[in-house]
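As structure tokens, here come the structures.
Shared chain: subunit A. Partners: subunit B in the first complex, subunit C in the second.
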Partner chain A sequence: MSAYGAVISARFRMHLQYRAAAAAGFGTQLFWGVIRILIFGAFYRSTTAHQPMTYPQVVTYIWLSQALMRLIPWYAGDPDVRAAIRTGAVAYELLRPVDLYWTWFVRIIGASLAETALRAIPMFLVAGLFLGLQAPPSWASAGAWGLAMIGVVLLAGAMVTLLSVTMMWTISGEGVTYIVPTLAIVFSGLIVPLPFFPDWAQPILNVLPFRGMLDIPFRLYMGHIPSGQALPLFAQQMAWAVALIVIGRLLLARGTRRLVVQGG
Partner chain B sequence: MFPVKGISGPPVQVGGGCSLLSPIVVENLVKTFRVAEREPGMWGAVRGLVRRRHRRVRALGGISFAVEPGELVGYIGPNGAGKSTTVKVLSGILVPDSGRCEVLGRVPWRERIALVRQLGVVFGQRTQLWWDLPVIESFDLLRAIYRVSERDHIRARDELIALLDLAPLLDVPVRQLSLGQRMRCDLAAALLHSPKLLFLDEPTIGLDAVSKLAVRDFVRRLNRERGVTVILTTHDMDDIEALCTRVIVIGEGRILSDGTLDDLRRRVTTERWLIVDLLEDDEVSDAQATVISREGSRVCLRFDPEEVAPAALIARITARHAVRDLFVENPPIEEIIARMYRGAAP
Partner chain C sequence: MDSLRLYFRYLGVSVRSQMQYRGSFILLSIAHLFATGADFVGLWVLFHRFGSIKGWSLPEVALLYGMVSSAFAFADATSRGFAMFGETMVRTGEFDRILLRPCSVALQIAGQELTLRRVGRLSQSIPVLLWAAWSLHVVWSPAKAALALMTILGGACLFNGLFVLRGTLAFWTVESLEIMNTVTYGGVEASEYPLVIYPAWFRRFFTFVIPLACIGYFPALGILERTSAAGVPSFLPWVAPLAGPAFLCLTLQVWKLGVRHYQSTGS
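Up next, the complex of A and B:
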């Protein structure tokens, strides 16, 4: 097991201990999924205009987002990193023969994968069997979705790690970084699927990184975006991920130079 | 040899000589922190929104020393003197403003990853173990992080488990350990990769007497039997007296003294204490000695052996009083250090 593998595995195992939180999370997300579907159901019944997605597609989109929402940047930075910076435990992280950036990066990925696994597996089962979550229309769509999910994990990991790094300046991590999760929740399509946004907004949504965290993989899954476009979209996800990683690493290099270890 | 400025008088030459093999060489190290300040109260908080005032705090004001292989150096000073800052610069966590520093032949902040692979560090006030995982799993993770081979890991681990008596603790989550148990596990964690250099930052802080003895005993064996070079910062003078051959005293970011414990004593004071157990309840007094304390029948007198020979003083006292027992001793090291700190205060 590599050093970074060890970090992921530690974080993963730690999160598996929080079974009660996962069960509660599953219940909450099931509830909200039903509410969202009721709202969209009312909307579809009251309109005759052509909509960008069919009703079954919206239902699938909603259940996918309820199952996988923990993968988007949910936190304004890793809470463990915040704690480490606040208490000065970051000193111990620097004492390990590993790159601090990659440690933080793989750790948040470990956490979000663990949280997601605990919620997504039961959600796929329940929603797939009883609540209208459809399977991908083809193997190609399923493969395109899988590829885009890798993109999601890396992109969201890079964004949360960048927010973690900014805590070296703000210490508490409370402040502008809180805006980012909100933007991510809206502009990834978690609240309203992106195809329902007005036409003038589409070009903006297309260049923002948030689309690559939810909308792209879900529409690939349903075949709403043909699987042939999977590679260029994956390239877009990766371009954003690389950009966020580069910025994060540069900031971290500056941050460690001016590091003050809190609490002596 | 590094000239080190004494608290009074001319610079004195103390401490070990510097050789190419010195695991630690520090020259003229300076580190300042920028600390944001705000006035207390609501108004101060509001003003702080608009204008931040910053103050520069000098943690290290140009310190120099070298440590030889196999030394066990006590690094002491009052709170805020710069002890932990030094340890953090030496281990590559903090970047100093200026000065030269080499640890195991590397510049810590430039080659942090290569250096920490050969370094063991314990901060007594923190833990490097994973809070929610059983101890043994933390050890396994550290093996992966340090890339120690399975065979070396098992050997080092089992040896440490035996030495520190960790067997009953291995399956307990770290959060459930007592402070003493956790410290023993932290010591083991810092040594799993068999470092040749060990930094201990207040390893006995908050421990009970038994745990302190266990930690001291372990550190002593590590140093004597395995030749591990140790830098120990502490406020516990018993640690220093039990372990350290050499003591560096730091105050306000400067080295006040560097040498053996005896050197340190001689530099601060030459006085001795004469402790007398009386048979009867007399008043004791002498022209060349001062009574500094009295507890029941035990009287403690302070005298300067250059002014009065101990034998002469003892002869006078025993002639005047009925004495059950008496002995001469050095003032306790706490006393010496306290005087040195006071001397350093501006």
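Up next, the complex of A and C:
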């Protein structure tokens, strides 16, 4: 267990070094957030029809996504794992006395936690003080949000690790692994909050795993989903995470059996 | 004329090298199509809920979106040399070699790569444009079709100018260049919606500082015959796209300043 702890903390500290990149990323996210809010503001002023969320709720949803977007499967698999598979360095990783799957899993979690911390802390401060990000309406909502965020980290980690594993087959066919992040961006609610999707699409969105990476925690945060539903939703996140982990481990076991190390 | 031929020779080499991995190229293009198509899904979802934005319907915004997105596709594919200039040329000292060759520096950088898969964006922006043109009740005179084409070309120049600017910054710093993404990728996102939805400071910035409105919103007003409703002189849509090439020329002058300022890393 301590080996995995060491991996996670090494990754975390390594990614904390990229502060200049994080500062530039923060500036970019801030600008995008402002544009998206201006667009929503204009839409709200153009209609009198009832909308599934209020304007202040949309503003909060947008700032939460600008702060925490690094947690969703942004990568088409861990870039370091990709390099290891391509160069053949994966052979060394197989020699280490730790489980390969969990090493990859905790490694990507460490990286995404550090990247998120660097961007989320200034974003919560700036957006909370000046730009309309509201606090959760109750302690219960805040707690439900915290629980769901644990679900996000595990679920997104399982998804990225699964993509990393598939790279054992598709070194040239990277295209497939690039499509999953796009699906995640659309169906997690990053581009448009999920409640705005047409009513007929809601049942489909509800069963997909992507909702658990962004929409569930954000709506729990603002009380748009009552905190009483936190446990069943957390169970849904965990069910998907476990499914992805099982598939990932099975694929990895098959992949290592037929692995041909490229070059020396 | 010779230098132009050299430029196309460069692009030919780049295309041939990408075609060596054909399977990978096709898959990456499809992935790129998906990624840029996601934008339009977002647009469609919002219009499905809200109906219109400040009097603009979905086909009208789609026309704007299609023109800006096509322009960006061309620029994104041709500007890789400038966009990655800091990382691949300045930091490595590779730029010294370029300077030694007896032909235009800017041309060599521009010819570094033609990223074909980025054209994947076109395979979604052109259908969007055609759909918009078909579902709008606009009489397409030859003049209007020419204006749409000019707008896309002007836009491609303008976005290329932004990438040149990003490359030029690398003479002074090779860190935090991502901040330029706000005006490139952020600029595309912002100019896919009509300018009227933004506050005044924002409109002024995108008209006079970085003239994105001139290669999207203003020409679109001309095509939709909405100039008088928007309070804009009726000749403006027809001259506005020229702001694109003008902006590119300006940034190339700044680039020359940067080249003069260049000191090799020595490595």
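One rule holds for everything that comes next: the second predicted complex is superposed on the first by the 261 of 264 C-alpha atoms of A that agree within 3 Å, B and C clash if a C-alpha of one lies under 4 Å from a C-alpha of the other, contacts with A are read in each partner's own complex, and residues count from 1 in each chain.
Criterion: a residue touches a chain if its C-beta (ideal position, glycine included) is under 8 Å from a C-beta of that chain, and two chains touch if they have at least 3 such contacts.
None of these values were measured; they are calculated from a predicted model.
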item	value
Touching partner for A:28 - first (subunit B), second (subunit C), both, neither	second
Subunit B versus subunit C as contact partner of A:129, first or second or both or neither	neither
Partner chain(s) touched by A:207 [first = subunit B, second = subunit C, both, neither]	neither
In the superposition, subunit B vs subunit C on subunit A residues touched	C
Which of subunit B and subunit C A:179 touches, first, second, both or neither	second
Subunit B versus subunit C as contact partner of A:6, first or second or both or neither	first
Contacts of A:256 with subunit B and subunit C, given as first, second, both or neither	first
Complex interface listing, subunit A residues touching subunit B	1-3, 5-7, 9-10, 13-14, 17, 87-89, 91-92, 94-99, 256-261, 263-264
Residue numbers on subunit C that touch subunit A, as the complex places them	21, 23-24, 26-32, 34-35, 38-39, 41-42, 45-46, 48-55, 175-179, 181-182, 186, 189-190, 193, 197-199, 202
Touching residues on subunit B, where the partner in the complex is subunit A	33-35, 79-80, 84, 88, 91-95, 112-114, 116-117, 119, 121, 123, 125-128, 130, 132-133, 137, 140-141, 144-147
Subunit A - residues contacting subunit C, complex	20-21, 23-25, 27-28, 31-32, 35, 38-39, 41-47, 49, 51-52, 172-176, 178-179, 181-182, 185-186, 191-192, 196-198
